[in-house]
C-alpha cells in the first residue's frame, strides 16, 4: 500500500481507538503517537514528491503534486501540535473536573478524525472525493463546536452547520457543472472527475457552463474557507470550540478549503484565463479584509478576535492569488505557510488565558494579564506582533510581497484599500492586545481570581510553537521552500 | 602682527570711549526731558556721580540668591561691551568686524538679556520674575521687527557685516530711497522698545507694577546695580549708533587722519544727539502704554520694516 | 557595520538571557550598546572622511528572496554619527539611571528594547533598499512603543504608546505605498535606483511627495502630525526620552532629506515652500506650546517640535534653491539644516538627561514643584544652563551656529531669487528670529523656575545631586555644546563633504576661515557675512574682567533677605512658571485659546473669600478639532458595522442568497 | 419522449418547491419533499433508459429509498419525539414570498439560456428548473424560522443540485454519487441530533431565537 494511504490510515486508526476508550494515559499517548507518525509520514510523502515522484493511489483519486504536498505537510504539522496542546488543554480541565466521558470520547475520537479529513482533502485529486472529504471535515468539527454544550455552543453549531451545508451544496453544484462543462472529454468512471483530467480538458470545456460552475464552486468552498460575505459562521464557531480544535479549524480547515478554491481557480485559469476567477478571488478577499477590520476594532471576545483575524488572513491570501502573477501567488502561499506557523501560537496562548480566567470575554478577563500570566500574555503579544505582519516576523515579508505584486500588477486602488485596511487592523489589534495585557494588576479584592499559570504541557507546546514560528521567520528549511516554489508552479505555472 | 595691534588698540579705545560717553547720553536725555517739562533737570555729570557712588557703595545681596545672581550683571555688562566692538562708530570699520556681523551683534545682546533675566529670577522676589517675564516678552516681540529692519539695509548694502556694510553705504553715497525712512521708523520703535523708554517702559518709574526693566534689577544694589545701569546706558548708545550707521553714515572717517576723526566725532555726536532729541520728544509726548498694547506698537514696526523690504526689492 | 549589528544582536540576547539578574542585565545591555555604538561611530566617521559609501549585506531572507543590505552613504554617515554621539552618553547615563528609575523586573525589557531601537535606527539610516528600510522602520516603531509603554501601569503612558503606534502606522502605510509605487515603476527595490529621481514624473511625482511627506512627517513630528510626540516622549524613561527627542525624530528628517528633497528628482518649488511653511508653523507653535508647559519633559518635547521646524525651514529653503537651480545656495541651506540636526541632538539630549536627573531627585515633573535646585544639584544645574543657553541660540554655543547658517541661507535666498517668492525668505528669517527669542524666553523660564530661588516643595528641598555616572555624560554633552559653538567651521566643513554627495548641490570648493569660523557667500557678492565666535570670546572675557574689576567692592557682599513687599518671602510669593508665561499667553491668545475659570469659596460674604481656586488651560487645538473627531468617526463606523453580525442566521443566509442572485444576474449578462 | 418526461418531472419538482413556499403545515411540507425526491428518482430513471446507463438505476433507487422514504420518515420521527405544534410561521407572508420566488425563477431561467442545447434538447429547461429550485430553497432557508423547515429547505437545495447532476450530466461517477448521498444522510442525521438538543434546551425549535452571539 503506498505511503500516502498510510498517511490517511494512521489518523483514522488513532481516531477509532481514541473513540473507543481506555485509560487516560493510553489515550493521550496513542493520540500523540498517532499524530506524530502521521506528521512523519506526511513528511515522507513530501519527500517522495521532492525526490521527483508524484505519489498517487486509487487510480489518481489521490495524487500529491506540489500544492498538495505543501498543504499536506502544513496540515499534518498543525494536527500534531494542536493534538499535543489539546492533551495539555484537556488535562487542565480534567484537573478542574470539567470533563465528562462524552467529552473525552469526542475529543480523542474526533481530533484525529478531523486531521484525517483535512489530510484527505489535501491529497485528493478527484473533485468528488474532495467534496466528500470537505463534508467530512464539517461533520467532524461540528462536535467540537458543541463540545462545551452551552446554549451558545448549540447556537454556533447550528449556524455553522447550516451555512456549511449550504456552502457544500453550492460546491457540489459547482463540481457537477464543471463535470458537465467537460462532458464527453473526461472519459468514464471515477477518473472522470479527476482534477488532472479536467485540466487536460480545460481548453475545450464549454465556457458558460464552466463559468457558472467555477462561480458556484468558489462560493461554496469560499464558505468553508470563511471568505466574506459567507464568513458569518466563523466567529461563532471559533468562539465556542475549544482552542486546540480552534487551531485545527482556523489553520487546518482553512488551508484545506483554500486548497479546494485553488484547484478550481487553476482549472478556470487554464480554461478562461486567470482574470475571471482571479477577479472573483480578489473581490471576495478584499471584502473579507474590509469586513474583518471593524469587528477587530470593536471586539469583545478573545477567541472571536482570532476568528476575525483568520477571516482577514484568508482574505489576504485570496487577494494574493487574485493579484496573480508568480509574485502574488508565491506571496500568498508564503503567507499561508507563515500563517500556519504563527496562528497556533495565538490560539494556544489565548486558550490558556481563557482557561485561566474560565472565560474568553475581555470584560471577564479584565486587563493587566501580564502580571497574572506572564508567559501566556507574552506569547500572545508575540503572536499578535506576528499575525499583524510586523517585522521581524515572516508575515511581514509575505504581506510585502503581496502588496508589491499588487502595485506591480497596477491594481493601485485595490492595493491601497488593502494597505489602509491592514493599518487599521494593526491599530485595532494593538488596542485589543494593549487593553488585555497591559495595565494595572487586578485588585486582590476581586473574587474572580484566575488559576495560577503553570509550566504544563500546554504551556510548553505554545512555547515550542512560538520558537518554531520565530525561527521560521528568518530560516525556512530548504525543502519547505522547495515545496512552496513547486506549489507556486502548480498554481501559476499550471504545471 | 600690526593689524592685531591695530585691532586691539581700536577695540580698547572705542570701548573705553563709548563707556565714557554712555552715562552722559542718559543724563542728556533726562535733562532735555526736564527742560521740556520746564524743570531744571540734573547736572550733565549726574550720570557719572551716580555710577561712582554706586560703585563705591557696599553691595547687598539676597540670601536666597545663587551664583547666577552674581553672574547676571557681569555677563550683561560684558555682552554690552562685546557688542560695541562689532559696531563702527567714528571710523568706517568695526574694531572686531573680523568676528562677525549683525547676527552676532543681536545674538550677543540676547546673551546679555538672557543672563540678566535669569539672574532676576534668582532672588525669589515676585518683581524679579515679573520683570524678567515682561522683558523677555517684549524682546521676543521686538526681535523679528529688528531683524527685518536690519535685513533691509544689509541686503541693500550686500553685506551683513557692519564694517563692510557702512563702507558700502558710504560708497553709494547718501540714498534717499523711501524704504530707508520706513526702515528707520521701524527700527526707531524697536530702539524705544529695547532700551526701555516710554511708551514701552518707563525708566523713571517707582511703581513696581508698571516696571519692566527696573523690576528686573529691583534687587540689585551698589556695584552690581552700577554695572547694570552702565551696561544699559552703553546698550542705548549702541543702538543709536547702529541706527546712525545704517541710515546716515555720512561723515564717518574712511581713513585715519586726525582731521577726519575729529569731523567724524562731531558728526557722530550730532547725529546721536538728534536721535536723543527724537527719543526725548517721544517720551514727553506719549504716555506709557499698557503692556498688552506694546505688541500692537511692535507689530507696526514689523509692518514698516517688511514694507521697506518689499518696496526696496520688488 | 555588520560587526556593530552583530554586537547589538549579541547584546540583545545577553540582555534577554540575564533578565532575572537586573544588575548584570543592565551592564550587559548598556555596555554592549555602547560598544556597538562606538563601532558604528567609527564606520560613520570613516565614511565621512573618505567620502565613499560602504556597502554590505546583513541578511538574505531566503524565503521571500529578499536581501537585507546596507550602504552607508555620507548622508547616512552623518545621521549615524549624530545618532551615536547621543547613544553613547545616553547608554552611559542609563547605567546610573536605570538602577533607580527602572524597576528590576523591567530592566531586561527596557535594555533589550533600547538595543533593538538603536539597531533599527542604524539600519534605517544605512538601509540600501526598500524592504530592509521598511523592516527597520517598523522595528523602530515597535521597540519605541515598548519603551514608551515601559510604565504600563500608568494610563497616560499606555495611551501615549497607543497613540504613537497608531500615528506611526498611518505614516508607515504612506511610506509603504510610496515606496512600492516607486518600485513598481522602476521594477527595482534598491534605493540607488528608486531614489535616482528618474522613477516617476508628472502628477504622480506630487502624489508621491505627499505620501512621503506624510509618512516621514509623522516621525519627524511636524505640526499638525505632531500630536503623539508630546505624549510619547515624556512617557518613556528620561534617558530614552533623550534618545527619542534627540535622534528618533531625525529618522523622520533623514527620510525627508533622502526622499522628499533628493529622491524624487529636482524638487518642485511648491515642495520647498510647503517645507518652509510647515517648518515655520512647527517652529513657532512648537515653542509657543513649550512656553506654557509646566511639565518639564513635555516642555522639552514641544521644543523638539520647534527645532524640527527650524530644520525643516532650512531644508525647505534648500529645496526652493534647488528648484531655481542654485546649487551653492542649496548646499548652504541643506548644510544649515543638517548642522541643526547635530546641534539639536546634542543640546536636547543634554537637557533631557538633566531633566531626568531632576525628576529622579524631586520625584515630580512639574517645574512649579521644583525651584532652588541649583544649590542642591549644582552640576546638573550648570549643565542644564549650558543646554538652555545653547537651545536659545546664544553666541559661543552651538545653537547659534546652526541658526546663523540658516539665517544666511534665507537672506542669500532672498538676494538671489526673483519674483514674489523671494519675500518668503526674509519672512522666514523674521519668524526664525521670533522663534529664537521665544525659545530664549521659554528656557529662561524653564531654568529659572526649576533651578533658582527657593524650593517650591519639600521634595525639591530634599533633592540630592545625581550619581556621577549620570553627571559625566551631561558634562560631556555640555562641553560638546561649547566646542561645537566655538568651532562651527569644522562642522560646516564636514558638511560640505556630506552635501557634495547629494545631487544638485555645489558646496564651496575652498572652505574659508578654517575650523573657527564660518563664511557665507552669495552669488555675485563675496563675503556676504562671516562669523568667528572665538574672536567674540575675547572681548567677552575682557568685559567680564573689567566688570569684575570695576565692581570689586561687590566681592564682599552683605547678605540680606529679599524684599517681599514687607511680607515674608516664601515659595508661595515667588513668581510661578504660569505667571511667567502669562503675558505671552495673553498676547498669543489666538493660538492658545485659553480657558480660565475662577471659583471663589466664601462662607460669610462673597467679599471675604476663604479660598479662591483658579484654573487655566490652553485648548489642544489639533487634538480637539482634527484627531478626536477622526477617531470617533472610525469607531462609530465600526460600531455601525455590527449590524452585519447581529446574530441572526437568517440574515447570514440572506447574504449568500443575495450574492448568489447577483452573480447569476451578472453571469446572465444582466437581465 | 424522454425529453418531455424529463422536463415534465423537472417542472413537477419546481411545483413542489412552490407548494412548499405556499403552505404552512409541517407534515405536508415533509411529504412534498418526499414527492420531490421521487420525481428526482424518475428523472434519474428516465435518463438511465435513454442513455442505457445501468448505474443510474441504482442512483434512482438510492434516491427513492433515502430521500423519498428514509429522510421524511426520520424527520417526522424527530417531530413526533419533540412534539411541537405543526404550524410554520415564516418571516414573510405567503403572497410576498411567492412573488419573490417568481423573481428568482426568472433569474434562474434567464441564466439557463446560456447553456448549450444538450443531446436531448432538455438540458436548459432542467438547468432553469434546477437553478430556480436552488434559489427558492435558499429563500426558504432565509424565511423559515423552525429548524426542521430549514433542514427541508436545505434538502430542497440539495435536490436541485442532484437534478442538475442526473438531468444534465447523465449521472456523476457512481462511487462519487454514492459517497455524496451517504454524506447527505450523515448530515441529516447530525442535523437531527442537533435539532433535538436545541429543542431539549430551548423548548422550541425556532432558530430565530438563537441570536446571542453578536459582533
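By written order: A, B, C and D. Residues from 1 in each chain.
Definition applied: contacts are C-beta pairs under 8 Å (C-beta built on N, C-alpha and C of every residue); 3 or more make two chains touch, one makes a residue touch a chain.
As the structure is a prediction and not an experimental result, all values here were calculated from the model.
Under the contact definition stated at the top, no chain borders both subunit B and subunit C. Across the assembly, the chain pair joined by the most C-beta contact pairs is B-C. The distance from the centre of subunit A to the centre of subunit D, each centre being the mean of the chain's C-alpha atoms, comes to 31 Å. Distance from the subunit B centre to the subunit D centre is 101 Å, each centre being the mean of its Cα atoms.
If you average the Cα atoms of subunit C and of subunit D, the two centres end up 69 Å apart.
The centroid of the Cα atoms in subunit A and the matching centroid in subunit B are 80 Å apart. Each of residues 642, 645, 649, 653, 656, 660, 667 in subunit C touches at least two other chains. The set of subunit A residues touching two or more other chains comprises 158-159, 162, 166, 208, 212, 235, 295, 298. Contacting chain pairs in the structure are A-C, A-D, B-C, C-D. Against subunit C, the residues of subunit A that register as touching in their complex are 158-159, 162-163, 166-167, 170, 208, 211-212, 215, 219, 223, 229-230, 232-233, 235, 291, 293-295, 297-298, 331, 334, 370, 385, 390-392, 394, 396-398, 400-401, 403-404, 406-408, 410, 412, 415-416, 419-420, 422-424, 426-427, 430-431, 434, 438-440, 474-476, 478, 481, 484. Subunit D contributes residues 111, 114-116, 134, 138, 141, 147, 150, 154, 157-158, 160-161, 164-165, 168-170, 172-176, 179-180, 183, 186-187, 190-191, 194, 197-198, 201-202, 207, 210-213, 215 to its touches with subunit A in the complex.
Within the complex formed with subunit D, the residues of subunit A that make contact are 126, 128-129, 131-132, 135-136, 138-139, 142, 146, 151-152, 154-159, 161-162, 165-166, 169, 172-173, 176-177, 179-180, 183, 188-193, 206, 208-209, 212, 235-236, 239, 295, 298-301, 304.
The part of subunit D that touches subunit C in the complex is made up of residues 91, 104, 106-108, 110-111, 113-114, 131, 134-135, 138-139, 141-143, 145, 207-208, 210-215.
Put simply, subunit C touches subunit A in their complex at residues 59, 61-64, 66, 131, 134-136, 138-139, 142, 149, 152-153, 155, 158, 161-162, 165-166, 169-170, 172-173, 176-177, 180-181, 183-184, 187, 634-635, 637-639, 641-642, 644-645, 649, 651-653, 655-656, 659-660, 663, 667.
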